[in-house]
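I have placed the structure first, in the form of structure tokens, so that the comments after it can refer back to it.
Labels A, B, C and D are assigned to the chains in the order they are written; within every chain, residues are numbered from 1.
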Amino acid sequence: MSTFDSPAFRRFVETFADRLHERRDELTQLDSAIGDADHGINMDRGFSAVRGKLDELAAADLGGFSKGVGMTLISTVGGASGPLYGTFFLRLATSFGDRASATPDELGEALRAGLDGVRQRGKAELDDKTMVDAMSPGVDAYEAASADGMGAALAAAATAAAAGRDRITPLVARKGRASYLGERAANHQDPGATSTTILFESLRDAVAES
Amino acid sequence: MKKLMNAADDMVDEALAGMAAAHPDLIRVIEPNVIVRADAPRQGKVGIISGGGSGHEPMHGGFVGMGMLDAACAGAVFTSPVPDQMLAATKAVDGGAGVLHIVKNYTGDIMNFELAAELAQAEGIEVTSVILADDVAVKDSLYTAGRRGVGGTVLAEKIVGAAAEEGQDLAAVTALCQRVQDNVRSMGMALTSCTVPAAGKPTFEIGDDEMEIGVGIHGEPGRERRKLASADEITEALLTPILDDMPFSSGDKVLAFVNGMGGTPLIELYVIYNKVAQMCADRGVTIERNLVGSYITSLEMAGCSITLLKLDDEMTRLWDAPVHTAALRRGA
Amino acid sequence: MKKLMNAADDMVDEALAGMAAAHPDLIRVIEPNVIVRADAPRQGKVGIISGGGSGHEPMHGGFVGMGMLDAACAGAVFTSPVPDQMLAATKAVDGGAGVLHIVKNYTGDIMNFELAAELAQAEGIEVTSVILADDVAVKDSLYTAGRRGVGGTVLAEKIVGAAAEEGQDLAAVTALCQRVQDNVRSMGMALTSCTVPAAGKPTFEIGDDEMEIGVGIHGEPGRERRKLASADEITEALLTPILDDMPFSSGDKVLAFVNGMGGTPLIELYVIYNKVAQMCADRGVTIERNLVGSYITSLEMAGCSITLLKLDDEMTRLWDAPVHTAALRRGA
Amino acid sequence: MSTFDSPAFRRFVETFADRLHERRDELTQLDSAIGDADHGINMDRGFSAVRGKLDELAAADLGGFSKGVGMTLISTVGGASGPLYGTFFLRLATSFGDRASATPDELGEALRAGLDGVRQRGKAELDDKTMVDAMSPGVDAYEAASADGMGAALAAAATAAAAGRDRITPLVARKGRASYLGERAANHQDPGATSTTILFESLRDAVAES
């Protein structure tokens, strides 16, 4: 398939919500080592809230749906990840506008806008050891492969996000709570980069399913 | 996990319901989990609000009342509250003189308070923010998210709350809050970890002969793990960096605050205070005021933190001013 | 053993030195380990003294000051103080109107206070004693040493202290103290044991899924070990025997006191209070006043106790009267 | 030997102090199970204080020496055992009076007076599971054997005290902290009965040494 519509978006959100719920303890465990042991709990709380009003949210166009997800996350997640993921979806919404569906390029633009939003809100640079280190290579890979179609581009994005997540594991963190740990944060996988990888994998699988 | 709790997801709600039941003269709890001073809004008074993750009780909800906070936003355990809460709090306490947000320096708190301030300003309420970042265990550099806001927050809330109570305007209380921030330093340590209720197991494992030095207030591991030491050695490990950082020097007048992390009994805090008093005396630093107790905690973590605030006459006067909250009370 | 301490043998002395350093406006510490109100003796005022083993902080030293105790005797950890201490305290606070000894019902406390009272009377000081024995976990029968004195003691010290402060005579404050004792009931539980510093290891072993119901305040095992339960179930297990024992019934006005054992954070105590308020409401018992916090502790033990006092108008008035001590303050 | 003099009393007190110090943890451990984990600490604190002024105390006659020990215990032990052991030695003192030494019968009278003092102060009956259950049979056995000489009588007393200590182990306590435990106190050895047994053994060995 070559367009991304509201049903695909819904599958994506549901898949992401399911996986966050399944991997809640894993994400929390990662956050125990270099944070405050709540990342899985936070993400699961937010996406449970999203799931609770999915029918209502999905009734809107792509932009409205995405905006609804972003607002819900901002109102329920808290912590660092709430405003960051919330902003991601709000920027997706602005980029989608009132479209009913998005072409591969339009999806790429939206993802790029989401990434930019996260970077502006959190002021993290590459190598600061945050979700940006998974999101940024994910978006880059999507753009590089988008000529091959949405499915291929999303597969490349997911692979790149995972690689980004793993690449920064040896690093010391410079943003977020993990930065308090200094050297002790090295050789721990970042929880936010992990949830962002799950986001790209969910997007890939939701689109592949159709 | 051993806690006096029912379902983990209900813990914060039930504790707030308990607070509301215990202190109806002082506070009311409004949706979404905002503790508001019973008589808010007060016309013409600057509103002072704060908030953060739960699990630090009595901070912040226990500091709502006459002479201190007008409202406190309670997030999930160790998770910054969401902007809806700070917006609701800001609207509930605005008496036309503007609202100060006292924010602890954590990425999540900063971003959520920022979003709320934008929303409040869009609704025509004047909002200022001061960020507390007093934890000397964290290097304040480009390579960190900056110092955490810890014990200094309690002192700021008391002093700034008194200034607002006596009618100082938004610019003045904002400047005062910044002055407290500029003059306060803290450091903490842990003997044990704590367990986030929804996580169900301790955030970190620690041996019977070990301790964490330089912890914050979220059960996070500290800067360094060391062999368990005596109270005097621990006090030195915390207080020396504080004294050196500011630096506090001979002739300075300070407020010394020895804080328990939630699982540490008062007898131990007084043992620590005894050494703090000696060390300050040795440096010629005069402890003009003090506070000893568990005021900013990390669930059931055992450990303590030390905070020193360099006092000026106005701060001392405002520290002494009447306050009537669930956790701090004097002259009322 | 993980504690903020130096040598075990110095812990009580150092904590008292810390208290003296922190509260010179309120107290002074005299030999042998007696905390005396700074302005004692007050001519014409009945002296109120109490004391017991250390490890229960802030009780009793944290309750010395205007409107509460005139002196407190601090024994070794969990060990009744010696008669020399109660004699020194009695002499230090005697203002010519006699001295009331508030004694918790433990064999050691009773015998040591008795010896001291005899010695003080021999020196011409009029002394009365009231024994607090409010713990419903212990059957009061020929087959026990009688009910332990626990949380009710804190309430007695506040109410009786206020009566002495307003000038009531020895007979009146003694009768009032007995009236508090007759109307107060408590029960406690533990999630963990505690470690006596000089013993170096926990007093009892307890599994991760177990709790002790009916504990006192000395880290002793309770009446019964049960599977860990929810906060609501724990509250029922403590409050039902209290309500039934008195009994407290519809129309009664009470003071409800939810107390932490030293290692339990405030958030958990408010969860308990929430259920206490519901249960009292269900029985038609009106909570007129309340106290939530860690006021009578067992070192770092995690757990809580619940105390209910049936109030009459005089008790309520005296509970509300000004008090200025390290641990309780209002109207001053 | 057939008299009990100040040097013998001193040996007794020193032996008792030594053994309490050595067995401090054992006594505290017993008190952990059915009390508040301080009996060994309490006794050791008291007898360390006694040892600290032994020269001064021992300068007096038998009564004065014994009174000094009792006063020191009352001023330093606290808890239940302070007034009880303090009273024991004070009653010994009254019974010894200003004698320089005591005959077997006089020692028996003193021990009986000590026991009576403990019973009056603590109001414990036999089978209440306290130190009285070791002290009472100890004194009885001493009296029954005193015709055989002091050494034999003290040996009999120590044996009887130990037997008393063990006899009450299965019982439920009715006095002291152990009574709070109800049935749970059964099958635990009583700390006070144990220290009292050590007292009789120390007395036996101090006299035998001479």
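In this section, a contact is a pair of C-beta atoms (placed from the backbone, for glycine too) under 8 Å apart; a residue touches a chain by one contact, two chains touch by 3 or more.
Predicted, not measured: the structure shown is a model, and the values here were computed from it.
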| item | value |
| --- | --- |
| Chains touching both subunit A and subunit D, listed by label | none |
| Most remote chain, CA-based centroid, reference being subunit B | D |
| Whole-Å gap between the CA centroids of subunit A and subunit B | 32 |
| Chain centre separation in whole Å, for subunit C relative to subunit B (CA means) | 29 |
| Subunit A-subunit C separation of Cα centroids, rounded to whole Å | 54 |
| Sequence positions of subunit B contacting 2 or more other chains | none |
| Where subunit D touches two or more other chains at once, by residue number | none |
| Graph class of chain-chain contacts, one of line, ring, star, complete, other | line |
| Interchain contacts, given as pairs of chains that touch | A-B, B-C, C-D |
| Touching residues on subunit B, where the partner in the complex is subunit C | 2-6, 11-12, 14-19, 21-22, 54-55, 57-58, 62, 191-192, 208, 211, 228, 230-232, 234, 262-274, 277, 290, 292, 294, 297, 299-300, 302-304, 326-327, 329-332 |
| Residue numbers on subunit D that touch subunit C, as the complex places them | 25, 28, 32-38, 41-42, 45, 74-84, 121-122, 172, 174-177, 179-182, 184 |
| Subunit A-facing residues of subunit B, complex | 53, 75-84, 106-108, 111-112, 114-115, 137-139, 142-145, 148, 196, 198-199, 203-204, 216, 218-221, 223 |
